[in-house]
Amino acid sequence: MYGRDWETFLIPYEQAVEELKVKLRALRTELKRKEEYTPIEFVTGRVKKVSSIIEKAKILNIPLDEVEKVPDIAGLRIMCQFVEDMHRVAEHIRNRKDMVVVEERDYVTNRKPSGYRSYHFIVSYPVQTADGELELLAEVQIRTLAMNFWATIEHSLNYKYKGNIPANVRQRLVGAAEASFHLDNEMSQIREEILVAQILFETKSNT
Amino acid sequence: MYGRDWETFLIPYEQAVEELKVKLRALRTELKRKEEYTPIEFVTGRVKKVSSIIEKAKILNIPLDEVEKVPDIAGLRIMCQFVEDMHRVAEHIRNRKDMVVVEERDYVTNRKPSGYRSYHFIVSYPVQTADGELELLAEVQIRTLAMNFWATIEHSLNYKYKGNIPANVRQRLVGAAEASFHLDNEMSQIREEILVAQILFETKSNT
Amino acid sequence: MYGRDWETFLIPYEQAVEELKVKLRALRTELKRKEEYTPIEFVTGRVKKVSSIIEKAKILNIPLDEVEKVPDIAGLRIMCQFVEDMHRVAEHIRNRKDMVVVEERDYVTNRKPSGYRSYHFIVSYPVQTADGELELLAEVQIRTLAMNFWATIEHSLNYKYKGNIPANVRQRLVGAAEASFHLDNEMSQIREEILVAQILFETKSNT
Amino acid sequence: MYGRDWETFLIPYEQAVEELKVKLRALRTELKRKEEYTPIEFVTGRVKKVSSIIEKAKILNIPLDEVEKVPDIAGLRIMCQFVEDMHRVAEHIRNRKDMVVVEERDYVTNRKPSGYRSYHFIVSYPVQTADGELELLAEVQIRTLAMNFWATIEHSLNYKYKGNIPANVRQRLVGAAEASFHLDNEMSQIREEILVAQILFETKSNT
């Protein structure tokens, strides 16, 4: 179907997702063991469905014989507790030598009108296949749990309404996005309070 | 250490957690395939650390030679998008024939003063060991993503401050709990809006 | 295709295979930890392909609307180092309370003319679905590594020749089955030698 | 214990083993999907225990502060059905661009006196840690199922007798190694028979 051997085409993308899940989860484990605190809550990954790839190619004006230019066929998602953790994780992504960042989009500082917040990387990642090395694109999204919660529901609604979410539901979504943003702010303030408490404590301890 | 062969003692609990993770994830998969919507976002599980088991036994006044009465040595957690989904999942837990519910606690209707919200089951679950069947206790917690988000942070803070969270941080936590509660309410209202929209649509379609 | 919603039909079978893999691997882990030796090398599982289920139903004269009578839609395989271990594992299967053995076939004592050796159980296993409990059949095969090695190759050849393996290849297979049988015998003799050595050693130690 | 923070030291090795398992299994999956036959039966991996690392360092005259020179702290094992498959897999290892082969040992052509047969690679593999890239050594062993079967038992006996297997047991082991070698030969002959059969068939089909 869809005029191409999609199953074979997707093999290296599935491989990339599996490898990147293992690699990003290893970063989580390493930081947790060394610091007893990890900026990464959990990591998920998926290969885009064929029907969604075709749809996306259409939106991006990419002809189907150059479909490997669709940047999020392989997708990874990193969930963090705090907005501050997202920046630290982003820095780790930039420093890796097993992938090259080709694009960064900061939808946290600049939210989308829908209320969507997230930090996006497009990376170029080499996969070893039976026929040699293949360089492919993957998208890495970084989010707080609250951002992800909201985005999951927006995604369900978009799927349900096929992209045409009714005005009243969309308005509700903006309200929920506010609630999600507010929760992240509350959390950041707790985090700051803790850091201030620690500095006070350490200053006292040194005198 | 701790005067007992804890490693051997914990084997059946690890087994129970592995089995229950597989079983509860199967429920997720089944509902997703049949209804294209699942009330379960994801499922996690863990065996309590030995030091935490001993601490909990002390709090509950359970002598160490009856430590199997500590109800949450094996712990499972089910995360839902909506508060409404939690009730549906709870009903599935009650209907299962491979475990017996021995206790239910509804911290959603009756939140704890700290702001903690969650639905708790204690179940009795039979495990097959090399020496025969063993009936053991496990705790199953059901939460929304927002409840879980908040609880994760409270847990980190309790760990950091060894149970004595300072007053100002505790106050912030109550504020964050409010924000988490507010987010769940916003989400429930979106959900209702959708259901109303569907009923209107279906009524129209039938005329 | 094949006039039935096979995907939905197979959901509980996939669930059973996942649960039984976890349960049988737990037995492996438990014995390894307690005795530093385990009779189980590894455990695999699979759900039969739809085309193979239909083929098997035909061979067994089972009409497609009673296809749940095909006994190996859910299949588990337990690999052992020694033939002696197989009997111990078989005893564990018989003692479990989470499944009921409905049939046993001993192709070790009575090999098939092809050279096939293996121990087969058909068990009845209850699965909890969203709609209640479902009792289904599963096959549990117990093999040594050498038996499995041979059987894997016979399976490949049967697949390649669609059941009609040419006479000269079949003859070679019987030769290989002999070699596999011989290897198991050599291994059993090593095992005995070790046990004798231990008894001698322990007798000496006690004097 | 053992005068070093071994847990932290081993983190990148655990990471390497996880990554390489995923990568080598992906090769298995890719070949299976493209050719309906795979030279790889299964892949396992493990990090060496601390006590075994120290023992190995002693044998190799490596001081403990250069313990990263022990070449098999990270170990991968690839199991094949046929000896011929091993060579094909070895060629894939040599062609990969995500690791560099630093040593090859062919214990198949030149078996060890004990009867041990296997193909060994030492590779240098880069791991991304939170503190930057780390190049480490890993051992990749390639074996047939029969070679592995024998080696597993030799390993158990070496463990049991702490390296001093009694003469009569050792003699039995050589006998079992012969039986394992014989089984591999029988299998190779089946394989050849099949290939000859295919060539005959294809020649006929073309006339």
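Per-chain numbering from 1; labels A, B, C and D assigned in written order.
Quick note on the criterion: a residue touches a chain if its C-beta (ideal position, glycine included) is under 8 Å from a C-beta of that chain, and two chains touch if they have at least 3 such contacts.
Here the structure is a predicted model, which means the values were calculated and not measured.
Novice: Only C-alpha atoms count here: how many degrees separate chain C from chain D in terms of the superposing rotation, rounded to the nearest 5?
Specialist: 180
Novice: How many angstrom lie between the centres of chain A and chain B, each centre taken as the mean Cα position?
Specialist: So the centroids are 26 Å from each other.
Novice: Averaged over CA atoms, how far is the centre of chain A from the centre of chain D? Could you give it in whole Å?
Specialist: Here chain A and chain D have centroids separated by 36 Å.
Novice: How many angstrom lie between the CA centroids of chain A and chain C, rounded to a whole number?
Specialist: Each chain's C-alpha centroid was found; their separation is 42 Å.
Novice: Please set out, as single numbers or ranges, the residues of chain C touching at least two other chains.
Specialist: none
Novice: What are all the touching pairs of chains?
Specialist: By the stated definition, chains touch in these pairs: A-B, A-D, B-C, C-D.
Novice: Considering the complex alone, what residue numbers of chain A touch chain D?
Specialist: 7-8, 11-12, 14-15, 18-19, 22-23, 26-27, 29-31, 33-34, 92, 95-98, 126, 128-130, 132-133
Novice: Could you pull out which chain A residues touch chain B in their complex?
Specialist: That would be residues 37, 41, 81, 145-146, 148-149, 152-153, 156-157, 160, 166, 168-169, 172-173, 175-176, 179-180, 182-183, 185-187, 189-190, 193-194, 197 of chain A.
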